[in-house]
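So the structure is just underneath, and the comments pick up after that.
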Amino acid sequence: MSTTSISELSAQVRRLRKQDAWWKNPMLGRLAIILALVLVLSILTNQVQGSSSDYTLLFKSSWFSSRGAQYVIGGVLIWIIAEAWRIQGLRRIAGQTISVAGRRTALIVPRSFTRQYSRLAGFFRWLIPNRWFRRVLVLAVVAVAIFLPYLGLFTLPYFQSVLAGQVGVYVLAALGLNVVVGWAGLLDLGYIAFFAIGAYTTAILSGKLPVGADGNPEAHPPIHLNLFFAFPIAVVLTMTAGLILGAPTLRLRGDYLAIVTLGFHEIVLQLAKNNPHNLTNGPLGATGISTFRFNLFGVHYDWNPTDSKPYWFLAIGLILIVVFAFRRLEHSKVGRTWTAIREDEVAAAASGVPTVKYKLMAFMIGASTSGFAGVLATAKITAITPDNFPLQLSIFVLAYVIFGGMGSLTGVIVGASLMTFLPFFLQGPPSWFNSGKPVVDPKDIPMWVGAVLLTMMIFRPQGLIPSKRRAQELAQAEHGVGDADAMTEPAEGVAP
Amino acid sequence: MYFTQHFWELLFQGIRLGSLYALIAIGYTMVYGVLQLINFAHSEVFMSGALGGVFMLTALAGTNGNIPSGFSAFEYTALALIAGAVVSAAVAFSLERVAYRPLRKRHAPKLVYLITAIGASIFLYNLAGKLFGRNNLQVPESFHSGPVFVLPGSGPSGPRTVKTLDVLIIATAFVMMIVLDLVINRTKLGSGIRAVAQDAETAQLMGVDVGKVISRTFIIGGLLAGVGGVLYAMFHAVSYTMGFIPGIKAFTAAVLGGIGNVRGAMLGGLLLGIVESFSQGIIPNGLEWVDVVSFVVLVVVLLIRPTGILGERTGRAA
Amino acid sequence: MRTINRVRAGAVIAAGVFALSACAGSSTKSGGGSTSSSTGSGSSTSAANNGKPTLEIGVQGPLSGANQALGLNIDWGVKLAVQQENAKGDLPFNLAVKEADDQGLQNNGADEANLLIQDQKVMGVVGPAFSGPTAAAGALYSTANLVAISPSATAPKLTASGFKTFYRVVANDNIQGKAAADYMAKALKASNVFVVDDKSQYGQGLSTAIVAELKADGVTVETDSAQAGTQDYSQLASKVASSGAKAMYYAGYYADGGVFAKALKSAGYNGTMMSGDGSKDPNFITTAGKDAAEGWQFTCACLDAGTNPKYAAFVSAYKQLANAEPGTYSIEGYDAANTIISVLKGLNTATPTRQAVADAVGKVDYQGLSKEVKFTSTGDISTTAVYVYQIKSGVITLLGDVNTLVGGS
Amino acid sequence: MSDQASTIPAPRTEASPSDNAALLELSSVEVAYGGIVALKGIDLEVRQGEIVALLGANGAGKTTTLRTVSGLLKPRSGEVRYAGEALTGIPAHKIVQLGIGHSPEGRRIFSRMTVLENLQMGAYRFKSVSQKDLDQVFELFPRLQERRTQLGGNLSGGEQQMLAIGRAMMGQPALLLLDEPSMGLAPLIVAQIFEIIERINALGTTILLVEQNAAQALKLAHRGYVLETGEVVMSAPAGELLNDPRIREAYLGETAE
């Protein structure tokens, strides 16, 4: 309600635009960043482990030592090079070198080659989107996946075991969670609860649970079935569990749903531990669970836990079935409805979509996939305790999905495979890598996993292989159009 | 009946645990308020505060088991609390700078924040384990925790007393919460936080430096969690994995009270503590069912009030 | 804007590459200026370069994750045994340690067993540390004829599962549970006992055995459980205090046992407080504080009295190596490793077969630090003596053999 | 800057304020969201003391223009000049300190704060809230004084609009950006609000007004710009625009009397 003179206003603008204090110089800022990074890395890569009796041990050995000096000097060198690069001097030199080199190669490489090269590039440009080529490619990838246990690394029993017991199982689980989180946009932090339900179903159907009062399972075999029957039964049970959890809670908005599902996981775990009616045998669980058997049309085959390959074939079979089914689902009306719900639940509801029904559907499909994975895992482990299903596992599976690229089947498969495989690889690489020694100390592996997750999310938030739609949503959000996910919008959908 | 006989004792234990939960829950809820982020790494902020406090105590009192008395008891305790608060605030601040600010600049979706937080949490606690060993650390006693007053309803093994440590926990927690409430509702920083929580963009149009407010929100959350961590260390134990369970509980408490609402977090924390305590008094072998009961209570509350007890549509505080 | 980011990212990556290469460099130089870097190295205690071939002893246990501390105790024990043996250098080969981290989880049991099995240099395994992974890995070790001596898997049924090459140097829950119950019933003459377990496989197994024996002894038993990670033990402690039980047994690990001890002290419980081998750890005292830990008793099928000079040597060597006091199962890990070493010594060849090692372990009779290592036909340790320890002025001291304590009273 | 900046009397002479020096200038400003170009090189000028109306259909880029001025969006190219100085690189929260008040589209009241708290937020850039300003806002909007202890979310649409303007006024703006102040309001209230806008201008505040209600806006404004799909298609004194047949057809078809 007062008018300031124009000259005074322009003086103010100039004042605001003025350079900051010298210590806010971006150059020094970058030095600080590099130094901090180098100091942290010096600790991270130090093989010494700290001690609870001398808290300063690791600092002394990573900072106040020749090691620390090396790192700091290295950091400063990197900073100098980077700054010099920025100041263009080096960049120009490098540019000249490159252009000279380019001219030389142009002399050496015959014209015909470059022409052929461009023809080749054109061929690829035509090839990649080609439908038939893509089909052949997919078939090739599938074939490689099936015969993986006979290839390179995976001929080693360790990696076979990891492949069947970890990669296969968690890819399957992550595919299911992708339906819930990636497609329907529901944040589920208790996903492994369904996995546990599938696993306990397996144990019960194989006649190892419930135990009698004397703790002897053999004396009380209520059911004893071929484990292949566990799949349909686990599906029914986990779907029911999904319904029981989902029906009352799916009306909650994103983060509230997250804590309720987390709680559900905790409740399932506690029930298993507290052993109502001797059903789960509490923390002791069950051992010696029989595994898959095939006895039909005169063909007889037993899965033997000492050989991982058959489990992988089973896992890849299940994964293929699930992927095929989910692909159909993604491009069906159901898939489109999920997208609508995820992007704007209120609008979807307003246009007559029964959102709760579709959300429940996603929840149940996810749950049953998790149950599948649970059956598979338990059959391979042949033993079960509540400790197999820690709360962290639910969080990890969610991380696999986001890491790979939420909403994209390829992304989720790749993400889950890499994230489950990585720690095992770091711990016991094959002999041709790092001469078979652990790449990092097993004790530090979780730390590195956390660091990978963190860096990945900071530098590539869309995940390894994001779905096209997600990538678009993200790019738009980055420029301020719309929200990248409707997940945290209030269910009532009122703008603040 | 066990419950009625031990009512006061159960209530007191519930309040003691609940005020610790509340101190942590406030950090969750404030960060949620300004960023809509479930800051899973907050449990590690809490853990680092406990470590900071314990290191301070070790430096001051040593580990020879001598318990200081008089003014030095007070001094050591206060310094430990301050050290914990400062360390936690520093960790929370750097967490925001390193992990969340780049994401905020890119308008990353909330789930990416969540996974970043999880990654940061895994990284931080394992780093702490690498730095300081994987065993429980020794917490030197900074004062003699003698009986202060007797609770009504004494049990067969003698009267139930409330000790100095209990008083310290509850009193510190309540003082911090009251101060925080004043800061949120009476100061300029507080109104900035509330404005950013409600509508960050409009807050910017009022001249609020959103980045700075978010940083300070993390710092405030860290300060409270740090104090909570030191108190928890004195009451419970300290190790690199100590953050996970209290973190989950405090998050539950924050949701119970209505996430985003500071008073809700205080209320939710106390309520959760009391529910946990009471369920032990009411259910036979209740300790086994504590988690089940508290989550069932949470679900029931959310079914009645989908945004928690002081959900955002009613509460005034941010 | 974008170029700045790219430069920054480039700098970051460069720094990373530099750091990693620096790290690799320093590790090949077997140094880095620190006191324990050579022993702290990831997989194997580096063997002297003396032209001998290298054989390995595997360790399978939780080296990361929630139960890491227990696994590390074992790991350091094994590393110490190997280091001492290499220092002696009287074998026709060098020894190294190969670690397999199962995080104490059953899910990883088989994978990690396979890691050790596929490495033909591994001649014997100390582990798996936990009963869960053992159940998943036992059959694999059997098939591979690779001997696995667990320092800590106590579930009784493991040795009844038909694992041909599985042995353990700890008493199973039934033996320890029975002894603990008899001690409380007969030596302490407790007419009523309160048994608390931590809802772990170990705790539940032990408490089940104790409760069964106590009932057989005609003792009134009250039980409760508090799962590891319980936030507030006060109510449980005051329940124990008001139950008037003459003795209380906590079946669980020290990390939570120490916190429970604090609460019991605060609740003013004045009966005898006991726990098992999972809690007999200096860290129990660290956690509980000297005051609250004072007077606690532990049952353990291990004899590691401070009177034995070998034990004192072990403690100081361990401290030097691990930067920490030996804890629960450290000695068992050390003994298990030495058992394998003694067998390899007996075979005295640079190319032993796993079969030969497995056969010899079945017949071994080795005087370990904690006990005489000799196995029954199923793989259990044949010595069934259980000892009682007590914390006296902040130190865990031996009270005696349960049998003599029971008989003598 | 000092809290109570030195003020000069409002230059409300008979001469049109359109002859004054330019307070705000946009020169070939381009703004894009991701791949979508929202402003395709806009030139625009607001002189001190003026009310300038920005007209156009939905999606023409009116709101984008305001958001670019207040720093919420960064131009891809071009320059925003304020009092002759480029605003490039100054973040939104600092632009407020230069006396640019912005009452955003959809009012964006802090619904969980009281009316008074909302107004205090408006004065966030000052160390303390000036009672004089508060009184002045209450004088302009007596309704707000009655409702001062009510939560922002409980106000009616018209009251919220008053609050949004009042809140922007609390920052003592030299330039006030008003985004669709009449949106969704009853005609009676719209008239009331436009009258107040005129009063605010009379007090010396320059106003850049975005409106769909072209007729009302042009009656009030000194000059007007017409935006179409991110480009200025017409700019003229308000009276001329009001009488332009193309404008009458395109924007006043419904509302022209």
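Chains here go by letter, A, B, C and D, matching the order in which they are written, and residues are numbered from 1 within each.
Here is the rule we use: a residue touches a chain if its C-beta (ideal position, glycine included) is under 8 Å from a C-beta of that chain, and two chains touch if they have at least 3 such contacts.
Here is each chain with its UniProt name: A, B = Branched-chain amino acid ABC transporter permease; C = Branched-chain amino acid ABC transporter substrate-binding protein.
Every value quoted in this text rests on a predicted model; they were computed, and no experiment measured them.
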item: Partner chains shared by subunit A and subunit C (touch criterion as defined above); value: B
item: Pair with more cross-chain C-beta pairs in contact, given A-B and B-C; value: A-B
item: Chain of greatest Cα-centre distance to subunit C; value: D
item: Rounded Å distance, subunit A centre to subunit B centre (Cα mean); value: 29
item: Averaged-CA centre spacing for the pair subunit C and subunit B, given as whole angstrom; value: 34
item: Centroid spacing, where centroids are CA-atom means, of subunit C and subunit D in whole angstrom; value: 73
item: Cα-centroid distance, subunit A relative to subunit D, in whole angstrom; value: 47
item: Sequence positions of subunit A contacting 2 or more other chains; value: 49-53, 273-274, 443-444, 446, 478-480, 496
item: Interface hub residues of subunit C, defined as touching at least two other chains; value: 64, 66, 68, 72, 199, 225, 227, 286, 323-324
item: Shared interface positions of subunit B, touching two or more other chains; value: 126, 129, 133-138, 198-199, 288
item: Interchain contacts (touch definition) - all pairs; value: A-B, A-C, A-D, B-C, B-D
item: Complex contacts: residues of subunit B adjacent to subunit D; value: 188, 191-192, 194-195, 198-199, 201-210, 312, 315-316, 318
item: Of all residues in subunit A, those that touch subunit D in their complex; value: 1-10, 12-17, 475-476, 478-481, 495-496
item: Touching residues on subunit B, where the partner in the complex is subunit A; value: 32, 36, 38, 40, 55, 58, 98-99, 102-103, 106-112, 114-116, 118-124, 126-127, 129-138, 198-199, 248, 251-252, 255, 259, 288-289, 291-292, 295-296, 298-299, 302-303, 306-308
item: Subunit C residues touching subunit A - in the complex, by the definition given at the top; value: 7-12, 14-16, 18-20, 22-23, 26-27, 32-37, 40-44, 63-66, 68, 72, 99-101, 104-111, 114-115, 117-119, 132, 135-136, 139-140, 143, 155, 157, 161, 199-201, 203-205, 208, 225, 227, 286, 322-325
item: Touch list for subunit A against partner subunit B, complex; value: 43-44, 49-53, 55, 58-59, 181, 187, 248-249, 251-256, 258-260, 262-264, 266-267, 270-271, 273-274, 391, 395, 398-399, 402-403, 406, 443-444, 446-447, 449-454, 456-458, 461, 473-474, 477-480, 483-485, 487-488, 490-491, 496
